[in-house]
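As structure tokens, here come the structures.
First subunit A sits with subunit B, and in the next complex the same chain sits with subunit C.
Take a look at the complex of A and B:
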């Protein structure tokens, strides 16, 4: 090969409901060429294959699949997620697929309903979701360095998951998009992207500092580039007699969970001003997550840096659901960054 | 420490119909230099329970109005920005829906998604991205002007509950968020400040068969009212009843040259809300728009609700329609003239911009006013058509 060429590396797995939290190691994605790769985008595509319900709701499968991405020995994803066994947070290498970035593609299709609970030969909607992590700086991958995805059914989403409703099995495809380089790039350093996710449980009114702060453990400073946030919700209400739906819910049902973010200098990133008109029932409070992270776009570009051992912190203040509702919410925020690693 | 840490400011307003407020978004808040990148506006209609529907009310959950179709909610919020004494919107408010920056969140158009049929979104969000990051010196004043437009807007016919009578919002909750970051950069000589103006057609009842209403904007309505040259980024248009209502229109320049030759459907010209223009308007130049609105819904696009009671046609939610047009762009002004001279700290006598950045200090609100302003309003309005 004597010129650069576009390349996509893909692998897919069929996930069974039965393997719940098991890892599915897609080591097949290891590059075998002796060429350098310049990766610009990392993707996850989820195809439920069959109906999850007879509703036309937009179910967001990005909440149902956790992803772990690594290049060589470097984990590109870390997280701190609340789980039933660790209500205040558990350190993990997986993040929900939707936190990779905005849902760039969603397709509804009408399919024959094979879910046993519905009458035979009825039809229902299925939704395929595609999520893309578009890298701020291209990721240069040396020859014979594995790009490895792991996917699993979300363990946290079990909180919201109704075992009788979600498809079994479904397909998850992962991919890396970029260029195969003809010659070794002349680099003094290469950019290493990173995504860190926070999420506490939010099924009570406890004010939670989300696990622990995100700390830069590297010698190099981290360039912070994006905050992403969204909420998975079990609607609680029944639609057509069925309680369904885990979905990105910022817009459809605004999440009243209040958030505060503190930067490396321990300053408030978000400053709420007194409301207009001023009233006792309308206090000057942290802002609701849904008012900042909007549906679909769900992210805010930032430009900051984090030196070694500096931290970013997030605090969420869940707002209790009304007594009549059995809403469960799982707010999540991710911080995207990269650092320059000397070669 | 970082010199560019992010900084978001949010304020919430609850508006009654026809109520207007001026939000003081930046009013001697911090002694820092900022660069503002965008404004996010989230509109939530409130039902008769009023404040109980507030998302952050500890006793309640999100608004649940069981609304068949409210994707026009941002069209009944009129929104404006004022920098010091300079208005960025002429007239003072422009329908928030028209300020939306093109983005892939056009995916969120409810009429294209199945969710409109059973559980429409109670919120409508607009992101207005600035043409370039706007430098804001310490102590600068910035206001958001809000009006719940019940007189001219769409609220009186906005939605119909799935199983009920037509309902109007008794209140509108609006969250306005400034997205920006701190900066240590010096003030640029010129600042690009956003600009928007609007034209609305009269209302037209839906359903009167064969009734066609012609409309034509006055010359001063989609006009450059400023002394400076206006860079037009896009024309935006919205029919409050449905983007696919049979509205056809034709744009032309103030010299009479057409932009589109024949009447074209609104949803075709503005498939994602915006028609990117990237042109220049000198002082008093304008964009003319004329067209027709048909009172009969495009039934082929919007099949009626023959199948079931819980799948109402979006059209059924409306009795009237109205088209709105916006002209969105920016102009360049001298930064010094926009913000005035640097504020001086009464404690130290230093210019406030010299205070260490990143150190948040609240400036005394009783600070004597030392600025001089060059009021930009009222703008001279002209109906002179250029040859």
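Take a look at the complex of A and C:
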């Protein structure tokens, strides 16, 4: 090979309900040549097929599918995910696919008589979701090193992945996009991206602190580059005949979640504008989630750093009482970072 | 934009006091179904008599009839471009395969007064596409970028095709020795039926290929899906229109692709969803790399059967057929001498 060339490594798995963690085809996620790869984007695509009972158009399947990514001995993802047994989060390598980056809805209509028709504006939509993690710095992957993806269907959270509405398998396609390098790159260090997720369960009126602060366990300092966040909401009941949606609802009125994030110096990194009234139950002026994250991307760029053993932590406070008994609100926030690893 | 560097020492704008006036030239023509048509290429010559450089090319596709259902998109209109006798496109390529997709390309205007009264206006649709060139294209004085359109018959109506060239006037002294000339080639698959799985189809070796004797730098691939849904509405006469939702259906779940290069390099080893390779949002994949002469890309397209549905998958009673084809283009540039 005389020149660099584009490459995309892809593999797909079919996930039944309750799949606790599936490896994707490792052979598909590495090159067969001895070339270095320069990866610029990691992505997850979720296709629920047409066989689910819910064909509403606003579903975020990225809340129902978790993903774990690693390269060599490096975990690119870590998280604390709330479960009924560990409401403030258990430490796992998975993060919800939704938190990889801005998601793209792919609506498609079915063409059969019962669900949709092309001719008039009476399409019924099914939804596929695509999530892409565009890396701030390219990830250089040595020869013969697979990019390991594991996916799981988080049906432990039954209210999100409802057995009645989503009884059938999802197809999940994962991918890594970049360049196959014609010559070995001359690097003194290698940038290693990382994504850490917090998702304390928040389906009652309690104030919850993240189960464990995010701690930089590496010798190198971490450059923090982006926060992504949303409140996954199960609207809880059929509304106007529309099936239950699982979707991000940062823009619910009132805001479903208030958050605070504390940096390495234990200072609140969010200055509330306009000021949120202080109160006994709200002493440190958390801000509505919608005021922090942009509506389109659910993310905000930051520029900060964490030295070894320094931490970031998050506090979540719910705002409104649940309008339905089975309503679930699951705040999810991810912190994107990278560090330079000497070679 | 920094100017002057690519013109060597012949151009020192500050000393000359040159203003580099912006310039937009536009021409249009009516293209009948299955026919070719050229706009007035004289309208695309810089009227000041000076050289100029083109930064962006815009295409417009407008319906020329009031047929209710037909939608005019870039899938229906092909364009052939050449610069000083050199290829800018590999023959005819769809106008929507030159530039990455924009947020809004397809409009639903109300051009006919009757539509304000009789309804159905929402189906009317014109389209506009932009190709922002990766490098300015120098055009010598008294020379035009030669443009020819073809109505490929995807929608069965005449199309009003327009081209607009956006750039700036250069001083007479500006004459680069080399120009980075853009190049687009496109592979169109066959049409696949919605209801059936389709046999894989491989792009010919000589399509997404470096046909020049100099290296060709590829900036991006653009992958689009043209869907055609034929209905028997409107008085029973069969009409054809291109439906955006149908396009998403095909793109999202029904088309997969493999991708490799003629020199043996594998780009996408296994079947991958079409959109996962060529982009979901703006239908592009930026892949800057160099193709040596006689090297190219090969794309393989497969149509999957529709996924299982709670009910039998049949076409709606008023749909005659629903088909789609993929358009995969390779957009890049190479250096040419200025004549």
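General observations
In this section, the second predicted complex is superposed on the first by the 271 of 343 C-alpha atoms of A that agree within 3 Å, B and C clash if a C-alpha of one lies under 4 Å from a C-alpha of the other, contacts with A are read in each partner's own complex, and residues count from 1 in each chain.
Everything that follows uses one rule, which is that a contact is a pair of C-beta atoms (placed from the backbone, for glycine too) under 8 Å apart; a residue touches a chain by one contact, two chains touch by 3 or more.
What you see is a predicted model, and the numbers here were worked out from it, not measured in a lab.
Look at A:291: by the touch rule set out above, it reaches subunit B but stays clear of subunit C. Of the two partner chains, subunit B is the only one that A:227 touches; subunit C does not reach it. Once the two structures are overlaid, the count of subunit A residues touched is higher for B than for its counterpart among subunit B and subunit C. Of the two partner chains placed by the overlay, only subunit B lies in contact with A:305; subunit C stays clear of it. Legend: residue contacts after superposition of the two complexes on their common chain; A:180 is shown touching subunit C, with no touch to subunit B. By the touch criterion defined above, A:7 reaches subunit C but does not reach subunit B.
Comparing which residues of subunit A touch subunit B with which touch subunit C, the overlap comprises 104, 106, 108, 125. The touching residues of subunit A, counted against subunit C in their complex, run 1-11, 28, 31-32, 43, 45, 47, 49-51, 53, 104, 106-119, 121, 123, 125, 128, 130, 173, 175, 177, 179-180. Contact residues on subunit B toward subunit A in their complex (touch as defined above): 1-2, 4-14, 21, 23-25, 29, 37, 40, 42, 44, 51, 54-64, 103-105, 107-108, 113-115, 117-119, 121-123, 125, 127, 175, 177, 179, 181, 358, 360. Every residue of subunit C that touches subunit A in the complex is listed here, in rising order: 122, 194, 229, 231, 233, 243, 245-246, 248-249, 251-253, 259, 261, 263, 265-270, 272-273, 275-277, 280-281, 285, 287, 289-292, 306-319, 322.
Residue ranges of subunit A in contact with subunit B, taken from their complex: 55-58, 102-104, 106, 108, 125, 205, 227, 239, 251-256, 258, 263-265, 267, 269-277, 279, 281-282, 285, 287-288, 290-292, 294-297, 300-306, 319-322, 325, 327.
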